[in-house]
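Structures given as structure tokens follow.
Heads up, the next two complexes both have chain A, just with different partners, chain B and then chain C.
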Partner chain A sequence: MNISSYIYGTSFYHKLDVRAKLIFTLLYAVVTFFMSSYTGLAAVFFIPLLIMLIAVGGKETIHCYSRLLPLFLIMCFFIPLQERTGTPLWVIRGFTVATREGLWTVLRIISRLGSVSGILMLLLLTQRNEEIIKGLRAFHLPYNAALASSMILRFIPYLGTLFAEIRSSMSLRLKEGKRGYPILPSITALIIAAVKMVPETAAALEERGFGREKMKSVHMKRPRYYFVQCLLCIIIPLSLLFLR
Partner chain B sequence: MISADISFSYDDEKEIFSSFSLSVEKGEHLLIIAPPESGKTTLGRIITGSIPKYRGGRLSGSFFIDGSDILALDIHQRMKIAARVSQNTDEMLLFSSVEEELSFPLENLGLSYSEIESRTEYALSLFGLERYRKVSTAELSGGEKRRLLLAVLFAIDPEVYILDEAFDELSPWWRKQLAELIRHLDRTVIALGSHMLSEYDGTFDRAITIDECKALSYEESSFVFPAIDMHEGKDVLRVENVVIEREHRSSGDLTSFELSVPWFELKEGECVTLLGDNGSGKSSFSRMMSGLLKEKTGTVSINGKALSQKERRGKVAFLMQNPFEELFLPTVIDELESTEASQTAIEEALSLFSLVPDAYVQELSYGKAKLLQAAVFYLLDRRFAVFDEMDSALSSSDFIKAVRAYLDKGIALLVITHDLGVASALPGRKLMIEEGVLCEYK
Partner chain C sequence: MEKNNRTALRISLVVIMTAIVAVFTYGFGVLRLPSPVGGYISLCDAAVTFVAYAFGPFTGFIAGGLGAAFADLIGGFPQWALISFIVHGVEALLMGLVIRKNSTSMGLKIIAALIAIVVVAGGYLLLTTLSGLTVFQEALLEVPGNILQSGVGAVIGLVLYSAVRKGYRNLDDIRW
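Up next is the complex of A and B:
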């Protein structure tokens, strides 16, 4: 397994201290759940997207968000069907397909999922794994918890990459002239790979001596304007509450 | 120094070792040569501890190293005693950069920062990875990943080095380097291999094999590659003026890699061998030909008809280095039936590639998985195929069997290998990638 998604860059977000970035990521993810206005939902969705565009460019941003698209589409298809009580917007032969309330629910979920995924992807794209672990440990998180958190953060984007690889391999096995890929076997293969990854990762960690020594405490130097960075990373997400 | 007597069987009752006795002197370099599925990788995992803890099975007996039974120790306690380079490089790489991959075990050894730094620098220089220090391991080629795992092992510097098919995927130059390093190493080395390599000569003090679950002395029978005929047909795959680019996204110090292919032709039924250093772009070229990678410029055509990236996927079979990246279904028979081939063809493939229909894919050895991968694409009936280091992890006879099966069917083969013995035994043209350009091998 490979859990890397870091992309080298020199953007302001790359340069931001990892501790400030972790504060920003956490607060931003929490603030997202307080949003209930159109403006607020749009803001929390588009801010990570905009920073990502600046930090890693359009190609990578599209690549990251395209992984979420299938999920968004499934939500758009099925959630309105579940919420059919309310102001009808689309009715076919007496059957209410979509209501105002249903669409609002979809919008809210997509915005929250998109913003939380976006801010996490942004952290992983602009910060190396070891720095994230160091940052978490600087907040006195135990080493094992910091390592586990960092791996969990990477597990979801990694599954996206793995799924893309499975799809590519599957496409090599299609009959000539056929396009696409078989969805069910691809998902099954992904589940098998994900399940297999758990003991493999645990074994690899242990063979590399994980748990052998108590890790030394981390001393991170504070960059210039460290407190200003932290302050801004607290103020910006909290100020979004005015839009809620 | 090593004195072991173990018995082991997997949960499905498949017996791997039965009173398997092994004794190795301190500082001895032992080579274990045995075919796929004989238990080589299992032995390595038993010594380091991931079997039976993470893969199940029943283990009995003892395995003494320097007087202490390592089977009684936790996995992490064994790292300083015995560590291994795994056959499947992907299963051991966990972190986001080469540097982190190296520093993690060293931190776990409780070394000081200066010692970690000096060991990291030493290991990187030993395997020519200095410029990849900040690079993501996902951006390394198969051979570079292997060198990284070797660097990790040499940085840990355990009492016993276990090298599971560690010469595979390395270019001839790096194979010689590794053999040289082993010769001068004053540690105990247990190397596991499926077939003899010329680099083993003078590197190991003794060779044994595993047969019927027991360790036996190895009697070398030099394998003579049989003559293989090519049955050339009409179809021609042509690559013209292609440039492939690959970026190192995780590091700003490295320029992006570029491979130029002015002209390449592969005729139906022909066999072409491709050689080149690790990371030279052999796999990228194959991925491009089979439609998994988009070329920057140029065209790929069959019989003069230019093919899009997606169209190539249905025309060119690509047997990846890691077979598990292409196997998805629970059992061998599920995999073969998914090709929609006739029952007769499936039975023929089962016998040709020596496969057991009910075997679980995830439990296959690396070598057996390669044979299954070959069987799947054999049944898919593509006119063109790429064997990406298919010879690694397979016995010479199994590899030749696969090559012959494809060529007899009239399938054009591009064989990527690092083994010069294999390259010279195969029929047809030899090509190489040198300084970013595909050219004739001289």
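Up next is the complex of A and C:
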């Protein structure tokens, strides 16, 4: 069972150092909230979309953005009808359907949601989870937090597989002709199995020397042009503020 | 050395309970229903309630918050991860403070379930609007689903606690 969103690729965004990428993601998400012009909104929305198209292709990009589509549609339907004060744009028999202010609110929210989701998905699609944790360690994420994060990412698919097995065995116990599986006994069995793992996991951690010595900070090799990459990842999102 | 043993046990407990909350939230295609307004309804709150009740408010806060956030990250909804962390973390913290270990008071359980409903429905409504990622009207559409999810989840979580305790008697030994 695979929970990683990572898609192998050789694009420039894949090759970017994870630390530079983390800086870019954070700054970009923050800058998104400062946009107050149509050009700015369009820029912050389309930049992650374009990078995603180049990095992982059209199919994955459509897959990512299709999750947001219902939200966008609801916003398009509801917000203009709610916000009807201001300059009318579309009037039917004296009824103001949409105003300039309503349209602005819709576009602003869609742009924010699309760009924040896009830039975060882009990070997850182009970087392995363990590399992201390593990058966060380089930014002084405590050792125990990094250890816990990597263990969580290991346990989620394991417990998912275990649940599938429990579900299958529970469904075999049903009377002939009946379909499905009993939910409560299945999730109870899953939790009992998980709780039983706690002392075993703690013992395994101790066996591996957990807490015996102070852990060294992570040393990540710096790729070529590391500082240029970091600099660009700071300058590009900040330069978007000129469009705001 | 004793301190290390406790730390290893605490980390293991938090890790495994976080993974449980994430599995219940992510659902692996069977424990969650797509919501008509874009998100999804899952058994997340059942796991959050169970963890808060079985292991106390602080384990509940970390495991509940992190589990929901991890599920959002791996499930393709990274924009809600921070909000889910706060909402489900606070939900577990408050529930854990209200329903203490082995509490049999039905009144307290009802209060805890009401807290879950208020925190989840109100928290998502407030934080999604304040974060600027949606507008109040759109966030309002999510409220009925969130009330249903947290209410049903709280009841299932309490039932789960009794069932798990019957199946695993040493449950209280690993609480901290």
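By definition in this document, the second predicted complex is superposed on the first by the 162 of 244 C-alpha atoms of A that agree within 3 Å, B and C clash if a C-alpha of one lies under 4 Å from a C-alpha of the other, contacts with A are read in each partner's own complex, and residues count from 1 in each chain.
Going forward, contacts are C-beta pairs under 8 Å (C-beta built on N, C-alpha and C of every residue); 3 or more make two chains touch, one makes a residue touch a chain.
Owing to the predicted nature of the structure, the values given are computational and were not obtained by experimental measurement.
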Exercise for review: Determine, under the contact definition given at the top, whether A:K175 touches first (chain B), second (chain C), both, or neither.
Suggested key: first
Review point. Is A:V97 touching the first partner chain B, the second partner chain C, both, or neither of them?
Key: neither
Check your understanding: After superposition on the shared chain, which partner residues are touched by A:I235: those of chain B (first), chain C (second), both, or neither?
Key -> neither
Exercise for review: Return first, second, both or neither, reflecting whether A:L120 touches chain B, chain C, both chains, or no partner chain.
Suggested key: second
Practice item. Tell me which partner A:I192 touches in the superposition: chain B (first), chain C (second), both or neither. Key: both
Point to revise | First, second, both or neither for A:L205, with chain B first and chain C second | key: both
Practice item. Report for A:L159: first if it touches chain B alone, second if chain C alone, otherwise both or neither. Key: second
Practice item. Considering only the touch criterion stated at the top, classify A:I7 as touching first (chain B), second (chain C), both, or neither. Key: first
Review point. Considering each complex separately, which residues of chain A are in contact with chain B in the first and with chain C in the second?
Key: 1, 3-5, 188-189, 192, 196, 199, 201-203, 205-206, 210-212
Review point. Which positions of chain A touch chain B when the two form their complex?
Key: 1-10, 128-130, 154, 165-166, 168-179, 185-186, 188-189, 192, 196, 199-213, 215-216
**Study point:** Residues of chain B touching chain A in the complex
**Key:** 45, 48-50, 53-55, 74-77, 79, 83-84, 90-97, 99-100, 103-105, 107-110, 134, 136-138, 152, 156, 248-252, 290-292, 310, 313-315, 317-318, 320, 325-326, 328-330, 338-340, 362, 376-377, 380
Review point. Can you list the chain A residues touching chain C in their complex?
Key: 1, 3-5, 33, 64, 67-71, 74-75, 78-79, 82, 105, 109, 112-113, 116-117, 120-121, 124, 144, 147-148, 151-153, 155-156, 158-160, 163-164, 167, 183-184, 187-192, 194-199, 201-203, 205-206, 210-212
Check your understanding: Which residues of chain C touch chain A in the complex?
Key -> 3-5, 7-9, 11-20, 22-24, 26, 28, 30-31, 36-38, 43, 46, 50, 66, 70, 73-74, 76-79, 81, 132-135, 137-138, 141, 156, 159-160, 163-164, 167-168, 171, 174
